[in-house]
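Down below are the structures I want you to see.
Presented sequentially are two complexes of chain A, the first with chain B as partner and the second with chain C.
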Partner chain A sequence: MSVVYINIFLAFTLSFMGLLIYRSHLMSSLLCLEGMMLSLFIMMTVTILANHFTLASMTPIILLVFAACEAALGLSLLVMISSTYGTDYVQNLNLLQC
Partner chain B sequence: MNLLTSSVLVTLLMLTFPIMMTSTTMYANKSYPQYVKTATSYAFMISLIPTMMFLHLGQDTMISNWHWITIQTMKLSLSFKLDYFSMIFMPVALFVTWSIMEFSMWYMHSDPNINRFFKYLLLFLITMMILVTANNMFQLFIGWEGVGIMSFLLIGWWYGRTDANTAALQAILYNRIGDVGLILAMAWFLMNLNTWDLQQIFMTNNENLTIPLAGLLLAATGKSAQFGLHPWLPSAMEGPTPVSALLHSSTMVVAGVFLLIRFHPLMEYNKTIQTITLCLGAITTLFTTICALTQNDIKKIVAFSTSSQLGLMMVTIGINQPYLAFLHICTHAFFKAMLFMCSGSIIHSLNDEQDIRKMGGLFKALPFTTTSLIVGSLALTGMPFLTGFYSKDLIIETANTSCTNAWALLLTLVATSMTAAYSTRIMFFALLGQPRFNPIITINENNPLLINSIKRLLFGSIFAGFLISHNLTPTTTPQMTMPHYLKMMAIAVTILGFILALELNLTMQSLKFKYPTNLFKFSSMLGYFPTIIHRLMTKTNLLMSQKSASTLLDMIWLEKILPKSISHFQMKSSMIISSQKGLIKLYFMSFMLTLALSLLTLNFHE
Partner chain C sequence: MTYIVFILSVIFVVSFVGFSSKPSPIYGGLVLIISGAIGCGIVLCFGGSFLGLMVFLIYLGGMLVVFGYTTAMATEQYPEVWVSNKAVLGAFIVGLLSELLTACYILKGDDVEVEVVLKFNGAGDWVIYDTGDSGFFSEEAMGIAALYSYGTWLVIVTGWSLFIGVLVIMEVTRGN
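Coming up: the complex of A and B.
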């Protein structure tokens, strides 16, 4: 792992921290999830372009597709919670019921 | 010879002038109906010139004007076919329309939209002319659809009345089913003979023409109200009487029969289609005559009479006599339009009373109408040497002496006697006896518009048969010799029908009306055909489509089977199994701490 990737790796770690540590809004963890996906995408693309790894050029696109699916899923969960409670405060999620 | 083509085009062009005047002040004028009527009468007189030239020369003409479009190998141009059929039909149709327009100047006098009415009538006439003179099937289709649309607009003239709207829609729907047949024929001709021109269609020697001919037969069934697609014609009596007289007696409903007559070179060699036509026509004529016997609305009786005569025309085509059928079309136009106009005169005089049980005693009150009604009915039943005799009697003679389906022949004969029966019924109830209406003083037939128009058609009903059939070029040799009982057959059954009906009517006057028998109910409810078809079939269709599309596909397959069942299952099982308390932040925190500790302490890469 060369030193040039440390920037992107740091971005990934920061988003990961943001995903796990958040105060009240569920939305912030979803946003951090998106940030993780973005940094992964950039890392993958730069590696492939720098190493002329042309056969794997497809992989960032596939990553984007799956990222979109998961974002939709996360947003639908958010909407479910928000429609039940009115807000997306995480302290509301103490009952195992939708 | 030069004058023929230009006269025809002048005739057709003259009819379009009042339409083009719509945007000018002439249309808002009170004299617009007079203008339209005069235009039609001039068109009639000019159309006599090419007809007489044609009768003298005996040559078919074709006008091919404007190259419309060429689609790969098919060339469509605006072409008019001026042959035997169109040349003779044009003056007849124009004459009848002229009389009807004059009549409707009296009948629709108090209507505020009378200008629009005349415009619609004229548009109908133009599209009918397009249909009749069409040389290629595309132009014919334009005329065909045009008469359908104008029929819709005119039947629903009084659109505030629900029944009128339903009847107009019914006419469109039944005609549409017939149009499918016409489009089938057009598609077949395009694909197999690469043309829509009648000349080329008749030239090619094709063996198996059953499919397009069946399509044409379906089109004729729809447009000419044969059995199976017939309920729209009695319902179409919701329109004003001039509409019934023009469209649904002389002109539009014969379009289907005219189509089959146009294609007679193709039908000559196809015995199957001829037999189907014969049987269909026989069923139609008998069924509608049965229905006409117990109707109480005078216009409906005449409508069923029209339907029955159309069945007779189909029978004539079925025995391979297109020229006789065409002659019957021309003669039928005269007396049927006159019958409708007389009923219109009676209806208007009795303050819009259409039920024959509430008429009576008009013999002395409306003498001219009485005369023309009786003459029209006699012409309809085929009284010797009136108009109907020249076509109807010839048809029955030819059917009797030809090698044809005996059952169809029997049906036709029974229908002929019933024709006399319901004609007697009309005359008996409407004209004879004591008056059964309220004493009103609106009985007036003194208007010259009414008198002149009916008088013209009266002369036509008496003399037109003789004039037309003696001036035509003979095409097929009629059967000259036959046994005397066959020759007398038509007149005998007609007289039988007259006598029976008269006796029954006179006897029943003093008897009490018991509960209706099954046969009466069958006839009065029009054979239960509208009741069954209009309700049962649509309900079945809608129910099945709702069950299969909405319930089965949408609700069950797409909603319930996978998505809802999965979510239901997951929720139930997670509620039963899990023991979590939903402390998300704690779980995330423990995850992060574990990850950080493991990354810091366990350095395996060194």
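Coming up: the complex of A and C.
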């Protein structure tokens, strides 16, 4: 397995950390989710191309379809939060207090 | 030139650090566009021209444009840049240092072998194993064309899930 995978896996881990650690905007967490999907796409594509796994070449496109679904859903939630509170700050999401 | 894939992957990780350190979303979106372009370059180096086109067309041209105008809708008056906030700058420097350490460790020896869960070694970096004659057709394009013959059920499932996704989004944004 080539060492390019180390870098792509590191990119996935970095955006995963960025997704879990909130700052002020919800939108930046959604961008980190998109970054995770991009790094998964690149990793899958490089694996398929390097191993000549021809029939699996359709799976990155399927991954992109489901990533688009999830991005659209996340954005619709962000739009509803923004229309309720005015901004998309995560400190506004305080209805659930344990 | 043999290290072009490795250099592109290092720039890929640096741009991922750029938006994972969470500046204001408009700058994060800009850096995500750059990292999408670099990822397309990595895919192109392995010979996947159609999948690189997919990245640009669907990912950057479809999804990130939507992110861009949603961000423009919900942005603030003075967006934060990487140097304007200590937390963002600190996260960026930490990410950059970790990538530099990884790259230096990989480039240190010719026969370096890293074992985390799998065994990575640098031997297969610039050589793609050739399985023989594939004729005049690109294998990857033929594999994607098989989406409509072997992957008919996949197309039906993804089309249906997109349709249901649209209905779910319409219900979510209905409000009241």
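Operating definition for what follows: the second predicted complex is superposed on the first by the 93 of 98 C-alpha atoms of A that agree within 3 Å, B and C clash if a C-alpha of one lies under 4 Å from a C-alpha of the other, contacts with A are read in each partner's own complex, and residues count from 1 in each chain.
Simple rule for what comes next: a contact is a pair of C-beta atoms (placed from the backbone, for glycine too) under 8 Å apart; a residue touches a chain by one contact, two chains touch by 3 or more.
From a predicted model like this one, the values you see are computed outputs, not experimental measurements.
Enquirer: In this superposition, which partner touches a larger number of chain A residues, chain B or chain C?
Expert: Per-residue touch count on chain A favours C.
Enquirer: Pick one for A:Asn94: touches chain B only (first), chain C only (second), both, or neither.
Expert: The first partner, chain B, only.
Enquirer: Have a look at where A:Pro60 lands relative to chain B and chain C in the superposition and call it first, second, both or neither.
Expert: A:Pro60: touches chain C, not chain B.
Enquirer: State whether A:Ser39 touches chain B only (first), chain C only (second), both chains, or neither.
Expert: So A:Ser39 only meets chain C here.
Enquirer: Who does A:His52 touch here: chain B (first), chain C (second), both, or neither?
Expert: The answer is second: A:His52 touches chain C but not chain B.
Enquirer: Kindly classify A:Gly18 by the partners it touches after superposition: chain B alone (first), chain C alone (second), both, or neither?
Expert: Touch status of A:Gly18: second partner only.
Enquirer: Could you list which residues of chain A make contact with chain B in one structure and with chain C in the other?
Expert: Residues 17, 21 of chain A touch both chain B and chain C.
Enquirer: List the residues on chain A that touch chain C in their complex, please.
Expert: Spelled out, the residues of chain A in touch with chain C are 1-8, 10-11, 14-15, 17-18, 21, 23, 25, 27-28, 30-32, 34-35, 38-39, 41-42, 45-46, 48-58, 60-62, 64-69, 71-73, 75-80, 82-83, 87-88.
Enquirer: Any idea which chain B residues touch chain A in the complex?
Expert: Spelled out, the residues of chain B in touch with chain A are 571, 574-575, 578, 580-585, 588-589, 591-592.
Enquirer: Which positions of chain C touch chain A when the two form their complex?
Expert: Contact set of chain C toward chain A: 5-6, 9-10, 12-13, 16-17, 19-25, 28-29, 32, 35-36, 39, 42-43, 46-48, 51, 54-55, 58-59, 62-64, 66-67, 70-71, 73-74, 76, 87-88, 95, 98-99, 102-103, 106, 112, 114, 118-125, 128-129, 131, 139-140, 142-144, 146-147, 150-151, 154, 158, 161-162, 165, 168-169, 172-173, 175.
Enquirer: Using the touch definition up top, name the residues of chain A that touch chain B in the complex.
Expert: 17, 19-22, 29, 90, 93-98
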